[in-house]
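Note sheet for the following structure.
Chain nomenclature is as follows: A, B, C, D, E and F, assigned in order of appearance, with residue numbering initiated at 1 for each chain independently.
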Amino acid sequence: MKMITAIIKPFKLDDVKDALADAGITGLTITEVRGYGRQKGHTELYRGAEYNVDFVPKTEIKTAVPADQVDTVVETIVKAARTDKVGDGKIFVTNIDRVVRIRTGEEDTDALS
Amino acid sequence: MEQVTGDILQVKYALDTFYFLVMGAFVMWMAAGFSMLEAGLVRSKNTAEILTKNIVLYSIASIMYMIVGYNIMYGDAISSIIPGISFGLGLDNAASAVTGADGAPYYSNLSDFFFQVVFVATAMSIVSGAVAERMKLWAFFAFAIVFTGFIYPIEGMWKWGGGFLDQAGFLDFAGSGVVHMAGAAAALAGVILLGARKGKYGKDGSVHAIPGANLPLATLGTFILWMGWFGFNGGSELIVSNVDEANAVAMVFVNTNMAAAGGCVAALLIARLWFGKADLTMALNGALAGLVSITAEPLTPSPEMATLIGAIGGVIVVVSIVMLDSKLKLDDPVGAISVHGVVGIWGLLAVCLTNPDAALSTQLLGIGVIFAWVFAASFVVWMIIKVVFGIRVSEEEEYEGLDVGECGLEAYPEFSTSVK
Amino acid sequence: MEQVTGDILQVKYALDTFYFLVMGAFVMWMAAGFSMLEAGLVRSKNTAEILTKNIVLYSIASIMYMIVGYNIMYGDAISSIIPGISFGLGLDNAASAVTGADGAPYYSNLSDFFFQVVFVATAMSIVSGAVAERMKLWAFFAFAIVFTGFIYPIEGMWKWGGGFLDQAGFLDFAGSGVVHMAGAAAALAGVILLGARKGKYGKDGSVHAIPGANLPLATLGTFILWMGWFGFNGGSELIVSNVDEANAVAMVFVNTNMAAAGGCVAALLIARLWFGKADLTMALNGALAGLVSITAEPLTPSPEMATLIGAIGGVIVVVSIVMLDSKLKLDDPVGAISVHGVVGIWGLLAVCLTNPDAALSTQLLGIGVIFAWVFAASFVVWMIIKVVFGIRVSEEEEYEGLDVGECGLEAYPEFSTSVK
Amino acid sequence: MEQVTGDILQVKYALDTFYFLVMGAFVMWMAAGFSMLEAGLVRSKNTAEILTKNIVLYSIASIMYMIVGYNIMYGDAISSIIPGISFGLGLDNAASAVTGADGAPYYSNLSDFFFQVVFVATAMSIVSGAVAERMKLWAFFAFAIVFTGFIYPIEGMWKWGGGFLDQAGFLDFAGSGVVHMAGAAAALAGVILLGARKGKYGKDGSVHAIPGANLPLATLGTFILWMGWFGFNGGSELIVSNVDEANAVAMVFVNTNMAAAGGCVAALLIARLWFGKADLTMALNGALAGLVSITAEPLTPSPEMATLIGAIGGVIVVVSIVMLDSKLKLDDPVGAISVHGVVGIWGLLAVCLTNPDAALSTQLLGIGVIFAWVFAASFVVWMIIKVVFGIRVSEEEEYEGLDVGECGLEAYPEFSTSVK
Amino acid sequence: MKMITAIIKPFKLDDVKDALADAGITGLTITEVRGYGRQKGHTELYRGAEYNVDFVPKTEIKTAVPADQVDTVVETIVKAARTDKVGDGKIFVTNIDRVVRIRTGEEDTDALS
Amino acid sequence: MKMITAIIKPFKLDDVKDALADAGITGLTITEVRGYGRQKGHTELYRGAEYNVDFVPKTEIKTAVPADQVDTVVETIVKAARTDKVGDGKIFVTNIDRVVRIRTGEEDTDALS
């Protein structure tokens, strides 16, 4: 099983969620994060003094999927989250050793269905 | 003896002036109420901007009304339709005039100006809520200048300045029409030209709620407005210094309170029955609807009747908000058009229930005239601003929030989360 | 000459009525104060619900007191214990009556109603805080109807309606007992039947703090109450229009302010010494305790004495809050029972310190009678509501928060975090 | 006849007393305004502490001014420079004195005390904002005791107590100097001794903005102050009960409002031109600057002139805030020194524009004397406190926030995020 | 070493923390997240308009443990977090290459003790 | 590629960000978290009742880097985040299978540059 972690623009969350749901992905965990990258934040003046907003609000989506679905999911996210402007974000794929569903104790792919 | 009579007249003059000033300060306080109400009902990313709009519109209203609006409304008119134009404020009454013959002034002219200036600010405050979260800051200020300097004073002159609506017998004690419906008509024109907030309506016509970020603020705003309304209606009796007037002011206070109570309870009950939940925002709008309902005639109803008039206002407001939102697709984040416009009309009609001097036809005339004028004039002004400067922020700015875009800061830099 | 005397009487009537209305508006403003105080001291997930309770209870109080409560309290009584019952409000005073013989009315009857109606709302507001975060919304409203229409007016009649407590010489200037302790007694009955919030007490008897979500709101609420209290006590002098009465009102204002100041400082010092920290919430409760302390007698103490009476109230409130919380395990999220009940008793006793007309025994009689009646009657009513509808939300709803469960929305949808 | 004249005098006395009390309650309300303004402009981790400072400083001011301050300011002085010292408040006026001969009292002594005591609290409130986010709580209270009991009353006596500044013809209607600049001078001394907040200035001399956590609160605070200022200036006319006085009070109300409006608009425009954004916090400071500008003379300017005086104040405040912050490196989180100090000086000078009795040299004398005295005395007192107890919290406490360190709780335990 | 990431119901946090402490786990990092899964959120009416709360508040607990403690820890969490209702959450186990304690520079299991 | 996850004291964020920028790292995602470890939180009295603040605010920094930069980055973070007081935090290094840049579809090290 793989964990797919995508950092996206917050306002794209609904699109991505809907696209994933259409692709059959029904489990997600999202976190509000702030990002620093090419999209550089900006400098503001507050009461005449400089104010750097270095970090841009982003949303992180994590979904654990069986290994054979990784490509579809990555593609789905890329399509749904893309605006073609700097700051669209990244997707990271990592390995998961084991998954447990707390309610039932089911493990691994059973826990994901 | 004459000295004594003069002394009494002076004391009465002083009491009425003081009463006017205190009531005016209460109405000024409503500016804070609108600010908090609107700041509570928008999303956090647009909160600083709506606050800026509110405090600055109050300032603009004060200045424009001083320069020209007050004179348009109460100066020498050219005819009962066309006001005269002149600038600045005149001198106050001399003591000798007060203690003079019949028809002597009751109170300071400047206290009258003060009381009137806070009314125009109220009308303008109504607009800001309806166009929130998407209108350009400076476009809004441009409109505020025209509205408070000209559009409002002109229709104000037609009624309170002794113009043709007044002569026709149109009744509007404290301004359900002159102030509230007028503000709502200007707001409606703006909302039509502006369109809905991004994300408010789905491509499939679905309606999405956009919850306000801070309901304690919205509740505080409602309480402030409720309190300020004692000045708004209570001061509109204009005089307090004898038994009959004092009784009248007391009646106005009681009825104002009862109508708000009736509106609040009725709106909550309807919301509970309709949506299954006791929607706080509807209870707040209900209380305000009760207040607007009674504003056209807070004196002749009994307190029981005032409660009922307010309660009907509370029912109307809930139905109206839902209809405008889901059927007419008019996106009004705070419900201002329903609270002040639709319910303002109800208030003007309800005058006929208790005031024997009222005629339904005249009330309808007044409603039609004020609405038509304010809507049309505002539409034209909004349109000019739209063509010249644009009235709507860019889509990107709307997503990011107007706070950063227009004001360069955030209302809650440490709290707000990125989603929504 | 007669004309002149009549004129003067009319002006006095007008001044007293106006004074009453302004003071009443200040007291109405206390409703906003309780709302903000309570909204600040509960957790964010229960904030919209407590706001709904507050604005609607004020509305219910207004309506019930108009329909029946005012007449129970001030109408023709059957005996000095059993009030009469009648409905609606009567006519106001005619000018001729005012300028007539001795015993002529000082102020508008309706201004009196207005002043009284905001008092019953105050009493009811005390209840909402104590039962916060776990009581069903509609059960609370059901109680509010009975309390504001009957329970409060009956004991109110015993004292301010000229009933047996008044005849016995029980002294309570502005309502440390009639209003504050009465509200606290009703709250206590509710809290006992309701039980503590989940998570407040561990299985091992440990006491857990549940911090309020928004202390600026709580502070704002306290300032609003402080300001409103000038109306509460200041208006209770009832008349202002001659030198002695004007002096009395001024004394009441000064003493009200000093007692609050004394209570605030004393509570902060005690908290600092006891807990090691300058607990803001205790300073706030201390200021309110100072206000409650002086409410039974704000006229006879010197300002220095008023400061002291308030300071003692401030000490009492801190001790009482900790004792109720940790020893008696009475879970009162905002400390209402201590502030209004325990300190209310202190206020009634403190009358004896400065008012030569007061007798300790009569004060104790009053305390006993009011407490017994309100507590017992409230207990029965809460119990009936509990049996018929239930008074407590489900455990799941309590975890999720009453905002979503009862009101279908969140007070701070963009800020609140999931933990707690 | 005599009876009638006496009656009229009594009514006038009552009206003036009532006016004084209502105006005083408005000024008291400014304490809430300062609290909200300051609570909104600091970071969330220091919010509970600043609230504690505000409510307690108001209490301390009330107590100290009652014990000794009022008598220093208005009691029998030893010379026109050296005040006398005595304790407690005297008796109020007897009815016979009021209806007696010429020079009879106009209003209750205690109402005068009430009006004065809220002024000293205002002066002290100015200090708390400037030293926010780094000063020890109890050091601040120690200073508050000395300032409200002695430093302020002494300079107050020089002007309002009939001392040498008054005799020299120094004009300061409601306290641009006696109250506002005095508060700012004390604040300045504190800020110099205290140093800037950690992180405010980089090692390379760069200036970092530290945004306030809650701008709706700051806006609410500004509206509260604006409203309260009607009492501050309007009550400073002292009498309202005849035509001339009533007109004067009305003029003061109008001018107060216009100056605030002018200041708000001007500051917003300057900020927009200078920074490119409509900085809300500058609009708020601008409104307050307008109010401070007009406070020294709200009676003689025309409303148009008042608008202008306020607008100039609005421009000055923006420039001053930026200069103090970036050039002088005086870290004043809420801009109090600029709003009340720099603009206070402007207000005192602006008296010369419209009041023929004013002389520039005397105004400069007054500015110099008040500033020198308050700054020097405050500096010494702060220094003593610094040496004996320390005035600044530890670096670690400053990072963690004063709320947990001083008050043992958090202002927003559920919202605040960890960064900043 | 393994990283154990558990998504649980927020009100179970104290129970889980206490259970882990009893099991000898003394290092945790928690994050407030929002989840989407079988537990479907709900639809509300706000001012008469629909309002989907698709995401449910959840708490994410991360604890890094030596590989041999994984089973105990997973079991402990399952036991403490279970309410047997939909939405109890998931546990993911992933591999960690290296751990460093910032204060001391200690690495790997030393850094975890 | 490796994911470096550092839990640090919040007020050290700017120092760490600047140090990483100096070391050529230009992509970061940060999350506000709360930690439980040796640094034990504290007990407060609120209205006279005990109040445990078990969790201490921390900031989590995640940066994905090519495997050969791991050592430099870890070292940089350790240096910048260290205060030598308990609670300075931990760094975890984990493996990433795949990285995608949403805007361009670039993969792996290209996606990181």
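What we mean here is this: a contact is a pair of C-beta atoms (placed from the backbone, for glycine too) under 8 Å apart; a residue touches a chain by one contact, two chains touch by 3 or more.
The structure displayed is predicted, hence computed values, not measured ones.
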Indicate the lowest number of steps between subunit C and subunit F, counting one step per move to a touching chain.
1
Between D-F and E-F, flag the pair that has more C-beta pairs in contact.
E-F
Interface numbering overlap (same over half, different under half) for subunit B and subunit C
different
Taking each chain's centre as the mean of its CA atoms, subunit C sits from subunit E at a distance in Å of 46
Taking each chain's mean CA coordinate, subunit C and subunit D are separated, in whole Å, by 32
Using the average of all C-alpha atoms in each chain as its centre, how far is it in Å between subunit A and subunit F?
18
Can you give the whole-Å distance between the Cα centres of subunit A and subunit B?
46
Where subunit B touches two or more other chains at once, by residue number
1, 4, 8, 11, 15, 22, 211, 214, 220, 275-277, 279, 281, 408-409, 412, 415, 417, 419
Where subunit A touches two or more other chains, by residue:
31-34, 44-46, 51, 58, 94-95
Looking at which chains touch which, would you call it a line, ring, star, complete or other?
other
Using the touch rule from the top of the page, what pairs of chains touch, sorted by label?
A-B, A-D, A-E, A-F, B-C, B-D, B-E, C-D, C-E, C-F, D-F, E-F
Can you check the complex and tell me which residues of subunit E touch subunit B?
44-51
Within their complex, state which residues of subunit C touch subunit D.
1, 4-5, 8, 11-12, 15, 19, 22, 26, 43-44, 211-216, 219-220, 222-224, 226-227, 230, 234, 240-247, 249-251, 253-254, 257-258, 260-262, 264-265, 268, 275-281, 283-284, 287, 302-304, 307, 412, 415-417, 419-420
Once bound in the complex, which stretches of subunit F touch subunit E?
2, 6-8, 31-38, 54-55, 58, 60, 70, 74, 77-78, 81-95
List of subunit B residues in touch with subunit D within their complex:
1, 4, 7-8, 10-11, 13-15, 17-18, 20-22, 24-25, 28-29, 31-32, 35-36, 39-40, 47-49, 51-52, 54-56, 58-60, 62-63, 66-67, 88-89, 92-95, 98-99, 107-111, 113-114, 117, 137-138, 214, 217, 220, 406-415
Within the complex, which stretch of subunit D touches subunit A?
206-209, 211, 271, 274-277, 279, 281-282, 318, 321-322, 325-326, 335
